[in-house]
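Chain naming follows the written order as A, B and C, and within any one chain the residues start at number 1.
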Amino acid sequence: MVGQVAVILFDGFAFGMLLFVLSVGLSVTLGLMNFTNLAHCAFGMLGGYVTVVLIRSMGVPFLWTLPAAFLAAAVVAVVLERSIFRLLYRAGELNQVLATIGIVFVAAASAAYIFGTGQLPIQLPAFLRGSFEYGGQRFGLYRAFLSAVAVCVAALLVLGLEHTRFGARVRAAVDNQRVAQGLGIDVDKVFAVTFALGCGLAGLGGALAIEIVGLDPSFGFHYLVYVLIVVAVGGLGSIGGSFIAAALLGIADVAGKYLVPGLGSFLIYLILVAVLFVRPQGLFGRR
Amino acid sequence: MSEPVALRTEGLCKRFGSLEVARDISLTLPLGARHALIGPNGAGKTTLVNLITGQLRPDSGRIVLDGTDVTRFSTAARVKAGLARTFQINSLFPDLSPIEAVTLAVCERAGTAGQFWRSLSAHGDSIDEAYAILSRLGLGDVATRRTRTLAYGQQRLLEIALALATRPKVLLLDEPAAGVPKGESAELFRVIAELPKDISVLFIEHDMGIVFSFASRIVVLVSGGVLLEAEPEVIRTDPRVREVYLGHGAHG
Amino acid sequence: MALTETRPMQARAWIRRQSRWSVYEVLFWLAALLPFYFMPTYLTLASQVAIAALFALSVDLILGYAGIITLGHAMFFGLGAYCAGLITKAGWGEPLTGLLIAGAFAALVGWIMSFIIVRVRHLALLMITLGLGLLTAELANSMRWLTGGTDGLQGVDVWPIFGRYDFDLWGYTAYAYALVVLFLGVLLARRLVNSSFGLSLRGVRENLNRMPAIGSPYRRHLQTIYTISAGMAGVAGALLTQTTETVSLDTLSFQRSADVVVMLILGGTGRLYGGILGAIIFMVARDQLSDMNPQYWYFWIGILLVVVVLAMPGGILGGLARLVGKRGA
């Protein structure tokens, strides 16, 4: 029984870590620029497909595809931001929602056209396959790897925010954009870099997700809901908030599906509504 | 008390972290008064107005409107009690026409804005009242144009019209002349001069022309605290006030 | 003396003019009768369009007029649909009362939800509408004993309207019924929009911060419009149930919530007829292109969304209005 709980917690935490990597970029850019980018998970899908292509068509080892997925998503993000997204900054929330949903539609349809609608599996390197034993229970090696990567990302982000000049600029701009601009901070550039970083992380998350949840053209939609829930519950602009919310929701989702299979995703929707009702700004958001 | 008091604040304090934006502010606005609030940028004048109107909650202190303690009231409740304000930067309804905007304010005051089953044109009295306010302010001719097409000076006047539609006892004007070109400010002067005598007015202004023309008493606010409160002549000659305004020689 | 006296009357007259029936509106309703005579094979599609139009109108009331962005309004559509279906299964198949009961039920749920809705904004609002919509869909899916699950509700038996007009295969009754309900819905919406209440909603949409400053209990107003909008969506759902005599899970789906928002953006929000126009175009296009690969369909919808947002933010009616030089809603 205890063993079962341990496995649920472990798997749930790993899923949560995946959600964290996928969501943290959106949380920061929403908090920074108030730009509702519902196409965020489409970047995840892009990263995933980059990994798939590199592994299947070019035999690139899995670990090398991870930075490639990150870079690909970041580059596409820069291109889209300079061209389409910056036209939307002043366009109001509804228009941002609609335009970015439109982009998800286009991305999903294109992916289906190029890769077909089925899930594309990949071959993991040997040292990531299988499981390890601890306390009489077996835990997945890949999930452990995933959790480790996410925790490293979180640590790097926090260190970067706290201890670099760029991080200080980001914090200033999130806190009060107008004053930051008045202090001579190029908010435009801060945002462009942060946005690219966030979407790059989404791409990384997409690549990491293949083994856990599979990759198909509906990824951009399906995981968008999870990501939005993490961001809303965790609070905008908060890395710690995203981390905790993601862990919480990952565990709740896995536990819910395991213990009460009929209710599916019920539990996380309930948590979403309950949290927002009590604290609309999320657990760690600023009002 | 010698004369009836329209608005009184007692020891208002507010701080954001280590920044004290309001230090023990106690003001009295008698009935029918015309008081001006002046001070350098960053002195906390708009903050004070926000505290009085309820957009900010004070850390301590009281606000008494016509004998009623309104410190716990919401902004809308204070408006219902007779406290209205205008905004330093126009806060209007860009796609409504002035007549629609002021009629809206009148209907909200009358409590008839929730009547979704009645056509707007059935509220004849409210429309008439709105039009009367607009024409008193010289906006009668542009009443049916879209607000965003009005000249800036006319928009500033519409700000005041919206506040007047709530039939306030106390009116707080936040820099009514801000941004108004010299050619259009005469109309503004006239409007302020003709404000009904039973409304008590506190206005923030940098334009010393308006301040010395209309104010019977001036409050000088510096760094969140009241430096001095006296008649215009005393303020004009006080050395401390001069020092605070050093470098602002273009005014007054 | 005479000159100054006419001015207040001019203001009143101008306000009255804003709510006048335009010639285009009259033409529209006349054109709506055409399918009876010229396109009888398309009557079923026509009633589907009318139902979608009513649903789009209900969303326009909160999205276009009050500025509440929702991605979960299908919740009320579905609640009305299932309610109407369950009423017939309980033995009461009279359509008109069924419609009213379903609408009232949806309105009640909307009223309860409105307490949360008016207390949140921006992302939290979007997420709550989305979350509650998904929650309702999940619930309906798992409550198989009530809703029939993925098989849908079977055995929905609707009595003829007024005891005489049966829902026949050709769809005459269905379209007439749907059209009349749509017309009544538009009448209600017109009255709402042209009332002082409608004015306060536009105030909320244009400048929320100014509303408390003029003493407006705007949260109460928003709750009212949300409740009415939920009721109207429920009526639309019930219409679908009664005209097709089935209910399925897709009445509650996110797909339906998203589609209706697309229809509104296409036609133009805050213009009363934008949703109707968008519904016509969307439904007809989908019908004509139904043999198209669904991937292509969503590809082009995506492109359309981006183009409309960037180039025509007022939708088709907005673009037309700019062309004619008229003022907006």
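The rule is short, and it goes like this: a residue touches a chain if its C-beta (ideal position, glycine included) is under 8 Å from a C-beta of that chain, and two chains touch if they have at least 3 such contacts.
Source: prediction; values computed, not measured.
Chain centres were defined as the mean of their Cα atoms; on that basis the chain farthest from subunit B turns out to be A.
Relative to the whole-protein C-alpha centroid, the nearest chain centroid is that of C. A separation of 42 Å divides the Cα centre of subunit B from that of subunit C. Between the CA-based centres of subunit A and subunit C the separation comes to 34 Å, rounded to the whole angstrom. Centroids of subunit A and subunit B (each the mean of its C-alpha atoms) stand 48 Å apart. Against subunit B, the residues of subunit C that register as touching in their complex are 7-8, 10-12, 14-16, 18-19, 191-192, 194-200, 202-203, 206-207, 209-217, 220-221, 224-225, 228, 327-329.
Contacts from subunit A toward subunit C in the complex involve residues 30, 34, 36, 84, 87-88, 91, 93-95, 97-99, 101-110, 112-113, 117, 225, 228-229, 231-232, 236, 262-266, 269-270, 272-273, 276-277, 280-282.
The touching residues of subunit B, when paired with subunit C in their complex, are 53, 74-76, 79-80, 84-85, 87, 91-97, 99-101, 103-105, 107-109, 112-121, 123-124, 126-128, 130-132, 135, 140, 143-144, 146, 162, 165-166.
Interface residues of subunit C, counted against subunit A in their complex, comprise 63, 69, 71, 116, 119-124, 126-128, 130-132, 134-135, 138-139, 141-142, 258, 261-262, 265, 269, 295-296, 298-299, 301-306, 308-310, 313.
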